[in-house]
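Next come two complexes built around chain A: one with chain B, the other with chain C.
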Partner chain A sequence: MSATEKVSRGSEALEIAGAWLLALIWILPLAYAVWAAIHPSEYSAHFAPDAPLTPQNFIKAWNAAPFAWYFLNTFILVTMILAAQLVLCTLAAYAFARFSFAGRDVAFILVLLQLMIMPDVLIVENYRTMTALGLVDTIPAIGLPYMASAFGIFLLRQTFKTVPRELDEAARVEGAGPLQVLLKVYVPLAKPVYIAYGLVSVSYHWNNFLWPLIITNSVSTRPLTVGLQIFASADQGIDWSVITAATLMTSAPLLLAFLLFQRQFVQSFMRAGIR
Partner chain B sequence: MHGVEPLAVAQPPPQAQYARGGSALAVHIYGWLLLLPAAVLLVAFTHYPAVQTLIDSFYSTPRGRRGAVFVGLDNYQTMLADPVFWRALQNNVVYATSVIPLTIALALAMALLINGKIAGRPFLRLSFFTPTVLPMIAVANIWLFFYSPGYGLLDQILGLFDSSTHNWLGDEHTALGCLIAVAVWKDAGFFMIFYLAALQQISPQLAEAAALEGAGRWYFFRRVTFPLLMPTTLFVLVNAVINSFRLVDHIVVMTQGGPDNTTALLLFYIYEVGFKFWDTAYAATLTVVLLVLLACLALGQFLILDRRIHYQ
Partner chain C sequence: MFCTKVKWLAAIAAVALVALATGIMTSAATAKDIVLSFYYPVAVGGPITKIIDGYVADFEKENPGIKINAIYAGTYQDTLTKALTAFKSGEPPDIAVLLSTDMFTLIDEDAITPFDDLLKTDADKTWAKSFFPAFMENSQTGGKTWGIPFQRSTIVMFWNKDAFKDAGLDPDKAPDTWDELVADGGKLTKRDASGNVSQWGIEIPSTGFPYWLFQGLTTADDVRLMNQAGTTTYFDKPGVVQALQYWVDLSRKYKIQPEGTIEWGTTPKDFFERKTAIMWTSTGNLTNVRANAKFPFGVAMLPAHQGRGSPTGGGNFYLFKKMANEERDAAFKFVKWMTTPERAADWGIATGYVAVRPDAWDTSKMKKYVADFPAAAVARDQLKYAVAELSTHDNQRVTKALNDGLQAALTGTKTPQQAMTDAQQEAARILKPYQ
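Then we have the complex of A and B:
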């Protein structure tokens, strides 16, 4: 074995060791939370290999706060937002991709503005608007600012633009109107992009916190993130086992979906990101 | 594709495409009708509030029966004299300039490490990417536990070397650093996948050619891989910048801006002023600063990325 080969062999081993060390450090906080959640609280900071497993922390957390409501609210919220986004963004993207109407370019730039100036920072004025509309403390109020998504419009426009015009023409020759063409030609061809956008949207709104915190103040409207925060900051006697159990419980659906469909998730995030 | 071929020969110019059925007017009407639902919501919840924020910053906060009064630049003068505003701005700059390079460097390192045929690749990828799926609120709670004095894992590990306990989040010198670590932990895996995607586009023949020429791996990375990844780096950079001004969930959970405002970021301060002190006019004034910051960044992005966007 030559000297350079030895060096490269050595650096390769170092690289593998580094990668594993980094991965272990990365998983450590989560592994620690899982440990605390599935063991009795006396073991939450005491790592004994013979510590008994228990579901008690999850049961306690579930009974201590109306998590069933919170799950339902989050479910309604993400479904409502996604449904509205799919319809609104599809129509707008179709207009931008295939209709050269007056003012299109200016309108498009105005849409793209939302990529930088997001509803997340306009909380003060949007709260005022919701008050004027009488929508404070309702689930639609949480979703409304996000329903016309510039990101969704942009993503779908790019996709629609790649659809060959011949397909469009062929459908037209058969007598289909613009909306029928959209539904029969464009939407089916964009299916992977819809899946990608759907995953990104659902995980974004499942995780969103600040705006829902501001706009909701009752059990029947609060999403999981806000419910979890209220549960964790209320005096639980700092029982970390129960708090970590609640934390894992609220992230569980997304986490499970991710573990089951890892490849699709990663690919979707990539597809939605490369633009 | 037989049936379509004749059409390809007589293809009309794109502009005229939807005009054939009716008048040219129909194109404009159809276009605007399709856009209308999205446009109404966009104007109502993005453009209108952005403009209204600016207007409100010149008025006083309505209190009780007394309505808002035009006060000119008073709110801005208050802001310039407000030490907490300066503190929040400074914190935000420190936070952004730490989180962004750290996240990008780690994301790139992770992508390079698992791009090859490394042992345990699925586990490594899972470990790096999982924090991305968790809500920031959950992440913050997990790290709150991790940092808890004496009891948390961090103190337990350090306790092997010295037995004193640290109040990581209660100490002015460490609190912001703790939050930076949380943000890096959450986002590095997310940006990693964009680098991974880009690395897979790079032809392996380049590496072979470089190896034949005797180029070292570091040299190859510096002169070939990194320049080829530049568009990805720009994309990731823009997103990282936005996140560092947009996301303050972890501050609400972990420190509430304390101790002594050392962890107050701009958006968190806006939230505090607007929804705890209910001083909406001052909150609007602070929002103007944030909007101007974001607009400058948007302009920068537009000028730099312009070519790339039109490329597609």
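Then we have the complex of A and C:
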């Protein structure tokens, strides 16, 4: 075994150990949440292997707020936002990547500028817009400000730019119009990017809190995160068991989806270059 | 490919439809009803929501023509953000329950209207004077009344009677002075041979709003943290520094309190699990402790030093601007209705907040409750020593300056003197425009 080989072996072992360490740190909060959620609250900070299991925390959490409504609202919300984002971003990115028109660069810079602005800064202005549209306290009002996503446009434009011109031209020679070229050449080639972007978008909006809280007033429009707030009333003390049960419950769909599609997600992230 | 596209469009259309349908479900009030929005700081679903919903329904039944739309908006902080955003967008709430300490912030934003103009009859004027003076300290400034006390609290001391008995102390007598607290705390702190502590003497929480607990110490030291106009703070006064020194000493010198910061939210849990024998916390925890402590416990006033006392805390009713006259009258009627002696008593019993007016304690319901559970009256009796919670102009930033200083001293990165000098300098800088 040569010396360089030894060094690379050693560094590999170090990398593996590092990865394990990071993974362990990452999983700890989740593992704690599972522990606290399935045991009675006396055991939430007391780790005895023979602690009795109980579903009570989940039952308590579920009954503490109309979570069925909140699940439905969140589901509608993320689906609506993602659908609108995919359509809008695809069309905008295609225009920016492959067409030349007056003001294209200025428009693109404006889109990029939007990336620099935290959405929270615009809350008052957005609220005013929603009031003018008569949409306060509706699910579309939560989603509208996010639909024309600058990140999505930028990401897809970069991806479309990497598609070889030859493919585009070949499709046109075959008689395809601009929209057909988009749907048959660009979109299929960008599939990994779409999956990666979809994941980011869904998890962001699943977890978004401040704007939904401010723009909604009633049970029929509020998403899960706002419903979770019930457990935050620190005035009366905190029951970790119920909080962790509620958190697991509300993040379960995301966690499950990730576990099921793990391979695809990881691969698409690698290909899309967002890590 | 074309086929999938059609499916996509169908899916989008379906989602949009569902969303629209959900959005359209708004409350059906008849055209001539006065509809008032009422922001209340709690998330939907808990027991408190049900109580408020019940009050609102009763009020609407007794006052046909007025509809109250109760909007539950999360924590105090979230509710303030929501109310101010709505206000700045031109659609403020009509009534809101917000922290009493947000008074100056709301005045500076020109968001609220004082109650004084609404007090037309003698009955109204008597009503405005019917609250505990300690609660009005945070509700009045510049000769005007901006808030009406509703869910108010103070800090009290809870002690575990079993732990006192085990330590050879009188289980029915809580430490009444700072020195007694140190002496009792020493006996209550249990260490094993290697020095690990299984039970602490005391926990005074220091996260979230350490300044509030700190006021329990400064008030006992007979110093105030700010003036009534909310334009000056006194963080570097010797009494304040001395109070902080005592707090730090509990951990570092006497070693009867855990070192570093102590988490507010889990302090009651430490108390239930006997990790601490004494804790300071809000009276809002009374119902929680009563339900969860598996040992006899006592409630006492905070220990005295130069004097005695505790800050008040909790939320007030505010009326927002931009209401038409008849709306404002209706909102005023609602606030009066919510603060009658009977309702104040009912609310106090249901939640653990201190009933806000003396005559509420004379109702038969409250008398029965206190006879049954004397601890509930401790907070009331302590009110005569109570002072206003720290509240100034630009309150959030001033409070943060003090909180940072307190935590720096408790974690040992600054001496109490240094921490308070720095906090005072920062506060003075923030308050300069208001001088």
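As a convention for this text, the second predicted complex is superposed on the first by the 219 of 275 C-alpha atoms of A that agree within 3 Å, B and C clash if a C-alpha of one lies under 4 Å from a C-alpha of the other, contacts with A are read in each partner's own complex, and residues count from 1 in each chain.
Throughout what follows, a contact is a pair of C-beta atoms (placed from the backbone, for glycine too) under 8 Å apart; a residue touches a chain by one contact, two chains touch by 3 or more.
The shown structure was predicted, so the numbers you read here are calculated from the model rather than taken from an experiment.
Visitor: Go through the superposed model and pick first if A:Ala64 touches only chain B, second if only chain C, both, or neither.
Guide: second
Visitor: For A:Gly10, select first, second, both or neither according to whether it touches chain B, chain C, the two together, or no partner.
Guide: In the superposition, A:Gly10 touches no partner, neither chain B nor chain C.
Visitor: Is A:Ala170 contacted by the first partner chain B, the second partner chain C, both or neither?
Guide: first
Visitor: What is the contact status of A:Leu210 with respect to chain B (first) and chain C (second): first, second, both, or neither?
Guide: Once the two structures are laid over each other on A, A:Leu210 reaches both partners.
Visitor: After lining up the shared chain so the two structures overlap, which partner does A:Pro192 touch, if you call chain B first and chain C second: first, second, both or neither?
Guide: neither
Visitor: Which partner, chain B or chain C, touches the larger number of chain A residues?
Guide: When the residues of chain A touched by each partner are counted, B comes out ahead.
Visitor: Quick one: classify A:Pro55 as touching chain B (first), chain C (second), both or neither.
Guide: neither
Visitor: In the overlay, answer first, second, both or neither for which of chain B and chain C A:Tyr94 touches.
Guide: first
Visitor: Show which residues of chain A both chain B and chain C reach, each in its own complex.
Guide: In chain A, positions 45, 87, 123-124, 127-128, 210, 213-214, 228-229, 232-233, 238, 240 sit in both the chain B and chain C interfaces.
Visitor: Write out the stretch or stretches of chain B touching chain A in their complex.
Guide: 1, 3-4, 7-8, 11, 14-15, 17-18, 27-32, 34-35, 37-42, 44-50, 52-53, 56, 109-110, 113-114, 118-120, 123-138, 141-143, 145-146, 148, 151-153, 156, 185, 189-190, 193-194, 196-197, 217, 235, 239, 242, 245-249, 252-253, 267, 270-271, 274-275, 280, 283-284, 287, 290-291, 294-295, 297-298, 301, 309, 312
Visitor: For chain A, which residues are in contact with chain B within the complex?
Guide: Per the touch definition, chain A meets chain B at residues 11, 15-16, 18-20, 22-24, 26-30, 32-33, 36, 45, 87-89, 91-92, 94-96, 98-102, 104, 107, 110-111, 113-129, 144-145, 147-148, 150, 153, 158, 165-170, 173, 178, 203, 206-207, 209-210, 213-214, 224-225, 228-229, 232-233, 238, 240, 243-244, 247-248, 250-251, 254-255, 258-259, 262, 265-266, 269-270, 273-275.
Visitor: What does chain C use to touch chain A in their complex?
Guide: For this pair, the touching residues of chain C are 1-2, 5, 8, 11-12, 15-16, 18-20, 22-23, 25-26, 37, 42-46, 48, 69, 71, 73-75, 78, 81-82, 85-86, 88-91, 153, 208, 264-269, 273, 281-282, 284-285, 287-288, 352.
Visitor: What part of chain A is in contact with chain C in the complex they form?
Guide: 42, 44-46, 64-66, 73, 76-77, 79-80, 83-84, 86-87, 123-124, 127-128, 131, 135-141, 143, 183-184, 187-188, 210, 213-214, 217-222, 226-240
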